[in-house]
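Both complexes below contain chain A, partnered by chain B and then by chain C.
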Partner chain A sequence: MISILYLILLPLVFGLLISLLNKKWSSGIALAGAGSTLFFFIFFLSQFDSSKKIENEFSMPWIPGINVDLHFGLDSLGLFMILLSTLVVPVGILASIKYSNYRRKSYYVLMMTGLSALIGFFSAQNDLTFYVFFELALLPFYFMVLMYGGADRNRALFKFFIYTVFGSFLMLAAIIYLRSLATIGIPSDWSMLYDIELSLKSQTWILAGLFIAFAIKSPLFPFHTWQADLYSEGDRPAIIIIAAVLSKMGVFGLLRFFNVVEDAIHQYQTPLIVLCIIGILYAALIAWRQSSMTRLLAYSSLSHMGMIAAGIFTASLSGLQGSLFQMLSHGLVAAGLFMVVDSIMFRTNSSSIYGSSGIASSQPRLATYFFVLCLGAVGLPLTSGFIGEFDILLGLTGVKLIFALLAGLSIILGAIYTFRFYQKSMFGEANSTNSNWSPITLNEEYALIILSILVIALGFFPASWLDLADQAVSSFVQIKSKLQ
Partner chain B sequence: MLSIVILTFFATLVLFLGFSKNRDLILPVSVIGVALAMLCYMTQQTLWDEWFMNMMDVKGASRIFSIVILAIACCILPFINEFRRRGSEEMADFSGLLIYSLIGGIMMVSYKDFMVLFLGIEILSIAMYILAGADRRRASSSEASLKYFILGAFASAILLFGIALYYACTSSFRLDAEILQNSLLLNLSYLLIFAGLAFKIALVPFHFWAPDVYQGTPTIFTATMATIVKVSGFGALYQFISSCGIHMSEWLYWLISLVALASIVVANIMALQQQSVKRMLAYSGIAQAGFILIGFLNLQAENTWPIIFYLIAYAAASLVCFLAVHFVEEISFNDNHSAFKGLYYNNPFLAIVMSIALISLGGGPLTAGFMAKLFVLNNAAHVGNIALVIFALIFAVLSLYYYFRLINQMFSYSKDIKTWRIEYPYAGILAALCIGTIIAGIAPNLLVNLIK
Partner chain C sequence: MSAEGLIHLILWPTLLGFLINGIFGSKLSKSTSGFIACVGPILGFIATSLIYFTVPLLEAKNIVIYNWFSIGLSNPVNFSVYLDHLTLLMLFIITGVGTLIHVYSIGYMKDDPGFSRFFAYLNLFLFSMILLVTGSNLVLLFAGWEGVGLCSFLLIGFWFKNPEYNKAARKAFVMNRIGDLGFILGIFLLAIKFNSVEIVKIQESFGELSKNDPSIILITLLLFLGVCGKSAQIPLFTWLPDAMAGPTPVSALIHAATMVTAGIYLVARMSLLFNLAPFTLNVIMWTGVVTAIVAASIALKQNDIKKVLAYSTVSQLGYMASALGVAAYSTAIFHVMTHAFFKALLFLAAGSVIHGLHGEQDIKNMGGLKSKMKVTHLVFLIGTLAIAGCPPLAGFFSKDEILASVYSWNALGFIVLAFASVFTAWYMLRLYFSTFHGKYRGDSHTWDHAHESPWIILFPLIVLAFLSIIGGFAGMPEIISHHHYVKDFLKFSVVDHTHKVSHFFEFTLWGVTLVVLAIIAFLTYKKYTTVTKEDFEKENTGLSGLLWNKYYLDEIYAAIFTKPLRTLGSWFKNIFERQGVDAIVRIPGSIVTKASLELKPLQSGNISWYMISILLGFLAFALLFLFKF
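Up next is the complex of A and B:
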């Protein structure tokens, strides 16, 4: 069995290569690095035996005194998100190639470091490894935005940074507290952490710390105020990855710690879901009235993340399963939509949704990919977005019908703001500057084709992935039923 | 004991080398002297250990404290060559004084008798008073020296008063003197000794000298002050609390918690708005000292390694920061935040090492600083002081604000690009410290085993 450590180290090796070789090669090497990581991961995937809990494990003694191991491994929960990271980072690199004349080598080194930190985070098999990589994954993207972001980036980035770091320290406090409550032995992996018996009171405190940390990272209402600023001021290839993958780190954390704080989630289910639903509708309504593409996508992202979180808080099989599937699906869709926005903004230099009106006639291929991605975002049947949202709504119905109805409203609102966005930016009267656009490059087209195909393919053939998602989350719900 | 003899010999030798016109020998001789002294500790040499009637103990923790002090000195000594580049003639004096100060530091960390502690503090401090005023062309340097001297003398007086009261109660200067009766006077003497040491370490409320003195002192000696003096101070505090702590168990716990909390809170808030990077680092050093003090809450023989780990992590990171500030000052003649703007585009190496050091100071992931914070906070959680853990964490977040404000400056683009290089030996020392910081963050076991 090949240890997962090699998958984590592979991008770093390419990063080293980039820093040693000439600058003109760096984007090529980065793409090769991300691509080979993807293929290496697909090899892991083909070997993956879902009947076992953790595969390709790596562990080494790490922190003395507390006796924590550095512990990585592949399990069906992390599998989804590692697949998403290895798919989206190449997309980010493809998007960045058109800027590569303005980028230093360090940009691609950071990109590779980011990929490896993300894989490390999603494959972490104990809480402190999880925590360290949660923080570590932030740094490369922080520096990317810092060095290459828009004019007002410092303020936006700082808001993001302070928010996230505040959240992650709360998480550290929660972890230290959780560990101090472990009576039998020292927990070395997730299953041992799940076994720690906690009173409802201590679970509530831990949930409070973790919820704020993850709600900031995702973000969820009302901890989202950093999001729109960062998305519109950041370096766009980096934002593709932040919107698609880093935003999933929060809800992924909720899934990881689900069993630790399960009773508390059941206890506070109603307020938590209500908070999510407020976020879903609030963000959808704001997205409707946005005239900036990046802000619109930011609020649409907020709305979808609220839906995913609501699915987790239903604590039902279909809700959890739908959330996990929707994390993958929304990651692909968000990456695609930001890619389209990046292509448009590269040419118009304006983030207004009216800035590119009428390009559907001169850029039919771009308009087509964009349309497929919009369908995925709306959650039309036979696209990947439908399956996840359907499962989540099913789970919400099991809690209270009114929740499902209110959350279901967001599908209508989603269709309104997404198609308004599509209509204003693609159709309408073409102005003179937009008719003589440079056509989209092969690099952009590759990324868009792959993402569009994936969105449709996951919509047509979700079965094997749903099975995997089922396996990943069924253990959570089973443990609960045993307790009762 | 042998190491002190070696250091005295070499320091005097270096002073005499200053008479010759050729100054190339000074650096190798001083480094060899310090390295030989370190070797004595490494090989656990016991020659002449019984001198001075066992007033010093060079085993156990004090041995490790001494090694840390000597290792820091090995990193700083080469930078004294920088004064020579500026055409200063006193290089031999500075090297000699730095080595003399090490003797004081070693006496402070290995005393068994309060007389040795006092001698050590005075030897260390007098050398530092002079070094603070090393840059005679700048008035601020002399001002720093005078300020440090007056306040330092005051603190020494407080310490001496404490020692005198101790003698009055026990008729002995020894740490392990028989305590006949736990009187108020004795507790007062402990409190005064603690205050005297807290001054040297710069803990709140005895910290007021630190920002002013750090700012005025030539940066290379600020680095010395922030590392060697602090490590010696903590070594002395360690000796003091590990032997006298049992007699004051009731209030010691609260005293340490309170002083640690006050240091973390006050220093982090003060650091937020500093425009001078050296002042900011001074406040950051005070906050870090507060964190280290948390490690003293649960002081048993098997629990000393978190303190030493933290000291090493802190010393490595702040050495890199101060030395980097030194190079920036050389170019832009001030240490304001704005002087760091665009540093990454002027000298990427310096910006990267300084960022790593700042991230380590802030407790960023996979650096020695993170592990160090985790160890001491875990220590506090074990004693059940959860409130302290939470406050410390909140203010650790706050501290990231000013560390990353500086990193933001270094990586934001600036129009005036002055590309310059730093020489390889200096770059090598900085890089080695940074790589060590990261290795200690990924595999802290290696360092912890060394300490143990």
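Up next is the complex of A and C:
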């Protein structure tokens, strides 16, 4: 069995190559690195035996003093997100190629480091490895934004940084507290952590700490105000990855720690779901009124993340399964939509949704990919977006019909703001500056084609992925669902 | 060929046609594009006929194509086809009328730069519509349901340079989605209650349920909300008149003959479920009755030829819904069928008029066209008589059956519907006379160039006119014939209540219908053959102003829903987000800010240095562990 460590190291080797070789090859090597990581991962995937809990494990003593291991492995939960990471990082690189003359080698080294850290994070098999990579994965993207972000990036980054530090502190405190309650030995992997017997009160404290940390990272309402600033000031290829993958780290954390705080989630299910629903509708209403594309996407993401979190808090099989699937789907859709926005802004230098109006006639292919991605975003059946939302709303119905009704309002509001966005930016009469656009490059087009096809393919054939999601959530969640 | 094989011939050619025209359309010639688009519906029609003639369907067939996904562990949601008489009848309407409208569109759209795009959308629509009527479970039905909504969106906004059209497209999609939310919540409740989403399985597990069980009432009401959206019932009908922004063949196919009847199909398909909820049936009947009269009254005062037909469609859908509401499901489907013939005919004939007048849609600029457009005039007259309920045309039998069924349940509902019939005859004859009779009122240039449409447009009109004449014979009432073909055909698919009316009532109804029709024909002939342009332009006040302004429903909805929500969204965005949320979370932020000021000198600001140290740190760690020191 090949160790997962090779997959984590592979991008770093390419990173090293980038730093050693000529700058003009940087983007190409980065693409090759991300591509071979994806290829290698698909190989892992084909070997993956879902009846086993963890495969391709790697474990090493790390901090001997407190007996903590560095522990990685592939399980059906992490698998989803590693797939997303290995799919989206190449998209980010493809988006960045048009800027590559203005990028230093270090940019692509960071890209590779980021990929490596993401795989490490999603394959972490104990809480401290998880924590360290939670922080590590952020740094490369932080620096990418710092180097190549927009004019106001420092303020945006500072806000983001403050939030993150605060969240990390709470998370570390929660983890230390959890470990301090372990009675039988020192927990070395997730299953041992799940076995720690906790009173409802201590679970509540741990949940509070973790929830805020993860709510900041995703973000979830009301911890989101760093997001729109960062998305509009960030380096856009980096933001593609942040919006698609890093935004899932928070909700992924909720799934990882689900068993630890399961009783507390049941106890506080109603307020948690209500908070998510407020966020879903609040963000959707703001997205409706945005005239900046990047901010619109930020709030649209916020709304979708609220839906994913709500699915987790239903603590039902369909809710959790839907959330996990939706994390993958929304990752692909968000990557694609940001890719489109990047292609538009590269040519118009304006983030206004009116800046590109009328280009559907001169850029029909861009308009088509954009439309397919919009369909995924509004959750049209037979696109990937439908399956996840369907399962989540079904889970919510199982809890209370009114929750499903309120959260379901987002499928109406989502249609309003998504199609408003699409029509204003693509349709109407073309203005003179838009008619002489440079056509989208092959690099952009490849990324958009792949994402569009995936959105449709996952909508038509989600079954095997849903089975995997089933295993992921049912293997570590003691379902108390009514629907089974 | 078996039904299993034939069903693929119905489903996939339209999807394939969409893909070919969608991907390679710009490289194909217009005739190739149009030909490819027509293959799908024609093959579908042939395959449907083959199934009809060769496959006995007294027992419904369930054909699983593949496993789509699963709910939980034990409930597979299959991509599977359900084939019974109801599905077959709907398939005949969809592929039959679909074929005619595809052929018509080749002529109608021939000068449009978006020709192949148009046919791609049209094929995608047919695929979704076929999915809707063949889906064996509610989720797949919902997929088709949303799919047709999407195509409707694409085709209403087909001429996407016009912001008004885009708005109409968005309005249609959003109002449909309001209904869809109800629909999908209904599906969830059914899935939880019956542990399945398969239509057959759900209907098999009713045994122990009593009538008017609260959960069944809730479920059926939620499903009916979906019907209101798709089939344009009050309060969700205002999108349909705006949907006329799309090209006229679209109005005929989607917004008259097929898509808007999907809601009627849904209720008929779930007839066993709805029979368990007499309360919901009552709601449906009254919604239908009110929709029929409200829309018919608005149509009295509209001057846009397509708008009149649009409100007429809403009104006719109201008739169908009221038939559903008295559990006369097969009667509703019968009217779906005859309406598909005569309303598609009327829309396409109106399209022929618009085509001949180079885009003119306002009847105040028409008049006297019968001399210029002989065939169009004749088929329009047939359509008008059919919808007005003139015996023995198609609309007469189906509408008569609806009126009789409603009468046997609720006399008041019958009276309102009867008034709506009077309105129907009035607005249709008004439309007919002011378009084709009297003096031409537009500018002389258009008149000189006004022409009859080419045969590719006229041929479908003639076929539809023929069907509008004979279509009603498929369902003649008991007093004429003991063989009601539609009812017999559907009796294994839907479970009707019996509706007995006396022969005396039937004869009286027919007699009154004829007399009233004659009076209306006389009055409208008098009035609208001598009408002048100024008469149309007169300020509408009082009641007619209310009708002219469509009861101000758009304005009322805007004031109650859209504007407050927009304002709220803007307030969230501009005020609350900054001064509310941000202010609260800034408190811990400001503490950290102070602390970090102390640490500031530690940041060297040299990014390459940071970057390299991260990379080296990573690598060192990794290598150490990989080679275990």
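In the analysis below, the second predicted complex is superposed on the first by the 476 of 484 C-alpha atoms of A that agree within 3 Å, B and C clash if a C-alpha of one lies under 4 Å from a C-alpha of the other, contacts with A are read in each partner's own complex, and residues count from 1 in each chain.
The rule is short, and it goes like this: a residue touches a chain if its C-beta (ideal position, glycine included) is under 8 Å from a C-beta of that chain, and two chains touch if they have at least 3 such contacts.
These numbers were taken from a predicted model, which means no experiment stands behind them.
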>> By the touch definition at the top of the document, which applies to A:L172: first (chain B), second (chain C), both, or neither?
In response: first
>> Tell me which touches more residues of chain A here: chain C or chain B.
In response: C
>> Which partner chains sit in contact with A:L285 here, chain B, chain C, both or neither? Use first/second/both/neither.
In response: second
> Touching A:I162 in the superposition: chain B (first), chain C (second), both, neither?
Replying inline: both
> Regarding the shared-chain residue A:P439, is it in contact with chain B (first), chain C (second), both, or neither?
Replying inline: neither
> Now for A:S180: first (chain B), second (chain C), both, or neither, which partner does it touch?
Replying inline: first
>> For A:P271 in the superposed arrangement: first (chain B), second (chain C), both or neither?
In response: neither
>> So in the superposed three-chain picture, is A:I63 touching just chain B, just chain C, both, or none of them (first/second/both/neither)?
In response: first
>> Quick one: is A:L393 in contact with chain B, with chain C, with both, or with neither? Answer first, second, both or neither.
In response: second
>> Can you give me the overlap between the chain B contact set and the chain C contact set on chain A?
In response: 70, 106, 136, 139, 143, 146-147, 162, 165-166
>> Looking at the complex, which residues from chain A come into contact with chain B?
In response: 61-66, 70, 106, 131-136, 139, 143, 146-147, 154, 157-158, 161-162, 165-166, 169-170, 172-173, 176-177, 180
>> Which residues of chain C touch chain A once you look at their complex with the stated criterion?
In response: 22, 26, 67-74, 139, 142-143, 146-147, 150, 153, 157, 160-161, 163, 166, 169-170, 173-174, 177-178, 180-181, 184-185, 188-189, 191-192, 565-566, 568-570, 572-573, 577, 581-582, 584-585, 588-589, 592-593, 596, 607-608, 610-612, 614-615, 618-619, 622, 625-626, 628
> Can you name the residues of chain A that touch chain C in the complex?
Replying inline: 5, 8-9, 12, 15-16, 19, 58, 60, 70, 104, 106, 109-110, 113, 116-117, 136, 139-140, 143, 146-147, 159, 162-163, 165-166, 221-225, 282, 285-286, 288-290, 317-318, 358, 360-361, 364, 368, 375, 380-382, 386-387, 390-391, 393-394, 397-398, 401, 404-405, 408-409, 411-412, 415-416, 419-420, 423, 426-429, 460, 462-463, 466-467, 470, 474, 481-484
> Can you name the residues of chain B that touch chain A in the complex?
Replying inline: 305-306, 344, 348, 359, 364-366, 370-371, 374-375, 377-378, 381-382, 386, 389-390, 393-394, 396-397, 400-401, 404-405, 407-408, 411-413, 442-445, 448-449
